[in-house]
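What follows is chain A paired twice: with chain B in the first complex and chain C in the second.
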Partner chain A sequence: MGVTCVCQVPVVEGKSVQQTVEQLHKRLEQLGAVKQGSFFVDCETYHATTNTGAQPSKLLYVMHNSETPLSCLVLFDGGPTLAADANFDVLMVKLKSHFQNAKGHKVESRGARYRYADFLIKVGTVTMSSSARGISVEVEYSACVVPGDCWNLMKEFMQSFLGPSVPDLPSVFSSKAEGLFAPADCMDTMNQYLELFSKIRKQQVLPGSGVR
Partner chain B sequence: MSGVPAVRVSIESSCERQVQEVSLDGVETYVPPLSMSQNLAKLAQRIDFGQGSDSDEEDPNGQSRVSDWSKQDLEGEEGLVKFQPCSWPWDSVRNHLRSALTEMCVLHDMLSVIKEKKYMALDPVSQDPIVVRTPQVFQLISKKKSLATAAQLLLRGAEKLNKSVAESQEQWRQRDFNAELLHLRSQWKLRKVGDKILGDLSYRSAGSLFTHHGTFEVIKNTDIDLDKKIPDDYCPLNVQIPSDLEGSAYIKVSIQKQSADIGDLGTVSLFRKPLKAKPGSQAWHLKLEAAQNVLLCKEIFTQLSREAVQIKSHIPHIVVKNQIISQPFPGLQLSISLCHSTMDKKNQRASPDKTKPDDHLYVLEHNLHQLIREFHKQTVSSSVMPHPASAPFVPKRLRVAGPMAYDKSEISSLQQSEGLLEKIVKQAKHIFLRSRTARTIDSLASRIEDPQIQAHWSNINDVYESSVKVLITSQGYEQICKSIQLQLNIGVEQIRVVHRDGRVITLSHQEQELQDFLLSQMSQHQVHAVQQLAKVMGWHVLSFSNHVGLGAIESIGNASAITVASPNGAYAISVRNGPESGFKVLVQFPRCQAKDLLKSDVLQDGKWNYLRGPYKEVHWSKMEGRNFVYKMELLMAALTPYP
Partner chain C sequence: MADVMNVGVNLEAFSQAINAIQALRSSVTRVFDSLKDGMKNKETLEGREKVFITDFQDNLQAVNRDLTELERLSNLVGRPSESHPLHNSGLLSLDPVQDKTPLYSQLLQAYKWSNKLQYHAGLASSLLNQQSLKRSANQIGASAKRRPKVQPSTLVLPIQYVDDVISRIGRMFPDMSIELFRPNGTSAVLLVTLGKVLKAIVVMRSLFIDRTIVRGYHENVYSEDGKLDIWSKSNYQVFQKVTDHATTALLHYQLPQMPDVVVRSFMTWLRSYTKLFQTPCQRCGKFLQDGLPPTWRDFRTLEAFHDTCRQ
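Coming up: the complex of A and B.
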């Protein structure tokens, strides 16, 4: 439960997604990071059926994170967030009349989990309808809960294996007042993933990215 | 009287009248004196006329009195006439006189009538003798009679009391079934199913997950012959417990040396005396408590055997019948057995086990009970989320994990990591290690007299850790030889030794290791003691080494050595002490005392004679003294010249 940053890593020119991921793995292993199992984050999109007039229907995202295996995280488009029991999926089926599952919008990121001292690195392949669309990298620094205090350290660490493509401070943090954010930590991470997923969804299908 | 003028003496009569008032100018106003008649009235008022009237007849000189009165009467008559206007004070006198006159007249009439003896006669009153005689007879009779009534009253009361006591006893015996049931309900869970009353024995409400239903049935005891005498322990309520929960049970935990054959381990059956009934508790209560205990023991055993089968350990746990065998240390076995006795089997089995010594570890049995209750408590969490009936089964503790977005580490901390068996095996290991350490220290202390070894056990322990302080001293020199103080922290698998100077040595569970370590410490102690002694005696330490690199190799630890020189430098004592080889003491003499020393060509000068020359070994066993340090003190004293 520390400060987390999720970013997208561009695919290296002339290489497939898989190859880029492997390259990242290799770099991490050279740094001395140890592989610790795997992870996944997925996101399903629902839209409200009760559409009121001209307003575009609001979207509801139901996400799962392997880090919190018993929870189901729900995010409303720019609205409230909700952490619920895993039973929430079942509940959504019962709410069919109000929220409809947008088929084919399921995005997920799967990959390996590395531990390097206090850093937890998750390199994942973002897949959408079984086609690899991009690479996500999540870096968590578990020794600190104040983003402003450890951002430079995280940035430096990310530079060591990502090279120049290091993101700026995530907007989730910059929009918030400085302070402890541990209670909402899980939601901050999921917000970042959601941002990343919607960015990738809008992207063109990458040329040369094969089906995994 | 001639020359002296006449003195006028005025005489004033003493004041006979009462002063009524003294005015401001000193004039006294007197109360005017009472006139004669006033005085008489005053006196007459003081007379109590009622006084003398009763004693009228007895008085012998009544006549004179009457004459007296008549005189008064006359005077009164006078006064009455005189003070007509103020007749009020004389009114009472007149009234009395009138009534007296009336009485006198009546008496006179009566006497005159009697005198004629025509209509009235005076008879002597003959009642007096009867009145005197009857009391003696009559009193006796009346006393008898009243006594009899009193006795009857008492008897009737006693009878009543007797009856009520008997009644209450009877009531006590035939206690109301309903009252009994109410009593039962206040202590046990009951529910009504059909026409039966079922109770719950299980610990399910306390968090137990044991599958045994643990129900008992409440029955009304009707098979009682009302004509016969009711037995004292009769109770209208009876409970019927499941047949498999009858009798008494307990968990036996013991650590034994491994036996050669597992085959004969089979069934262990040991029984203990049935519980004594507490005064005031009902039979059904004892029965239910015993059954509940059996149920708990069964649950513990089931849990343990389930874990024994599930847990992968390098030496697998063996479950045979009612016994679980585990190997905490090589050559050692921990056996946990469920001893369940039903009354009828008792006689058959009790005999063969009598010969065995009781190696039951009560502490571990108690801890097992504690552990299962802790386990129960874990399942009953204080913050339980509501759970929809349609939802999949999740342990209660984990229900909160989803909504609170617990991460992996938090969830794993919630899940029980260690089973009952693992915990109890660890505890058994610790208990065994502790007792063996104690034994090792004790045996060393009794075997080796010099130096002495003392162990101070700390009486506050954890289930997995305890500590002991070991002191090595020499008798009579406790104050100067305090060099070796060891703190032994006994854990589950190993013993950590903290030396006085902060060094930490970790020993394994092997008994030999501890023994060797203590032996080497004891040998070091002797050399340390010599060093301390040298300081006290004024000798100089020339060299000191805890671990000598020279000489024969010891099988345990290293030899230590010290060389000390006498205060004037003439002599030197060198001591080498090894844990196995024992000590060797050498004395170096000045050259001048060594007769057999060859004259050197180089050291011609006489001053060189004061150099120390060759060493000679001391026959230590022939030295006087009760221990090593004492002998050393004597040796040093012998080698120190007189000042």
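Coming up: the complex of A and C.
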């Protein structure tokens, strides 16, 4: 597992989400990338019911990633993270009295997975309650483990198919105190997805972007 | 068109020439027949001789006539075979049953191939002569008798000395950690970890570097039974390429008299990969080409280039 960057790609004006995704696929294939199956990332939100006093209730996110199909990744709002077995979902049902599932807050990103040399590219459509809200692009450079080292290289690669709208170094990496070493699990990636999902959730529903 | 016409004329001349040859042969036969029969029975001896001589003269004149005729015709026939680039084999192209026996086209193909082969072989041999790999050049250059004498002195070095050289090199480069293993007897295997970029396994024979393999920093260098895995290649294209280049470097840095210098130069060269992902290509100025960063390092200047950008 190398250095990963997740970013949102704006929908091209006058085109639907689907068309923009297809355009991205086309550009990747022209570059020489090879399609390798599909992927999904999903996220469910839970509220803590044991709310004490004036503090706003903390949120708990339970996420799944098709790269680690046997694990379930749990992230507290600004707190610790946890990688658990897949049947953690069942445990959450038992903990109903402490954590309540926020209905209709389930977000997921699904799409195709491409490989190009040592890069892994995942172009996904972000859907919330069955309406397409945006496009996520995840680029992973698996040969390197230090984000600061290969960032320029990744930026050049992303420019080659995303055009000028390339994001800055993800904040997950820049805020890390010691070194820029990405740990072996995919928490950094999930953090970035979470950030992206909450950004998209706050967005207004784009007119005419429903799933067809 | 001209060719076709020519062939037609020649064919006519040919048939005439063949007729002329037949005539010549028959006239020559007549000469010998008359000679064999000898003089015919006549009343007088003089008469006999006279008739014989006239017959003989007539026959010889006929031979002469036919011969002149043949010479005239042979000029007309000319030499068609030499006008063709492939000489006599060119006549195969005249074969009317092309489809059944495509001999001529096959012949042309084979000719082209052999021409090309000769050309490329010539190029290759001139190139190889220019930049002969030093290791093999040594084997050819040094006389066969001297070679075995040189080998033992450098191949059988005390273990202590090898350890010493390696640890000195390790102290020279603080960003490079070198671990030494001796899994099977006296030969050393080095595990070189370069920053957070790569790990290289260097298999040594005494102080000669025998083989090297480069893997990613986060890749496994041990096999399941806990030994160093010196065989399987990296999963990443970048490091597969770097492995190739490192093998080239092994062949480049050769100095049989001073093996410690060789190891030191190789390690200096390997250390230039510490900025593998951070340095753009010195020629094209880009980071990526075909999805790979600049994997080549110049042997002298240690500058970074893409594999296709160097020279």
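In the analysis below, the second predicted complex is superposed on the first by the 205 of 212 C-alpha atoms of A that agree within 3 Å, B and C clash if a C-alpha of one lies under 4 Å from a C-alpha of the other, contacts with A are read in each partner's own complex, and residues count from 1 in each chain.
Note that contacts are C-beta pairs under 8 Å (C-beta built on N, C-alpha and C of every residue); 3 or more make two chains touch, one makes a residue touch a chain.
Owing to the predicted nature of the structure, the values given are computational and were not obtained by experimental measurement.
Upon superposition of the two complexes on chain A, no clash is found between chain B and chain C, which fit side by side. Within the superposed three-chain model, A:Asn87 lies in touch with chain B and out of touch with chain C [touch as defined at top].
When the two complexes are overlaid on their common chain A, residue A:Glu29 makes contact with neither chain B nor chain C. Look at A:Glu156: by the touch rule set out above, it reaches chain C but stays clear of chain B. Of the two partner chains placed by the overlay, only chain C lies in contact with A:Ala117; chain B stays clear of it.
In the superposed model, A:Asp77 lies in contact with neither chain B nor chain C. Across the overlaid complexes, the C-alpha centre of chain A sees chain B and chain C at an angle of 60°, to the nearest 10. More residues of chain A lie in contact with C than with the other chain of the pair chain B and chain C.
In the overlay built on the shared chain, the residue A:Cys144 is in contact with chain C alone; chain B does not reach it.
Minimum C-alpha separation, chain B to chain C, in the superposed model: 10 Å.
Once both structures are placed on chain A, chain A residues 1 are touched by chain B and, in the other complex, by chain C.
Within the complex formed with chain B, the residues of chain A that make contact are 1, 67-73, 83-87, 90, 186. Listed in rising order, the residues of chain B touching chain A in the complex are 385, 388, 390-392, 394, 398-399, 401-408, 411.
On chain C, the positions that touch chain A within their shared complex are 196-197, 216-218, 236-239, 275, 277-278, 280, 286-288, 290-293.
Across the complex, chain C is touched by residues 1-2, 32, 116-119, 142-146, 149-150, 152-153, 156-157, 160, 179, 181, 184 of chain A.
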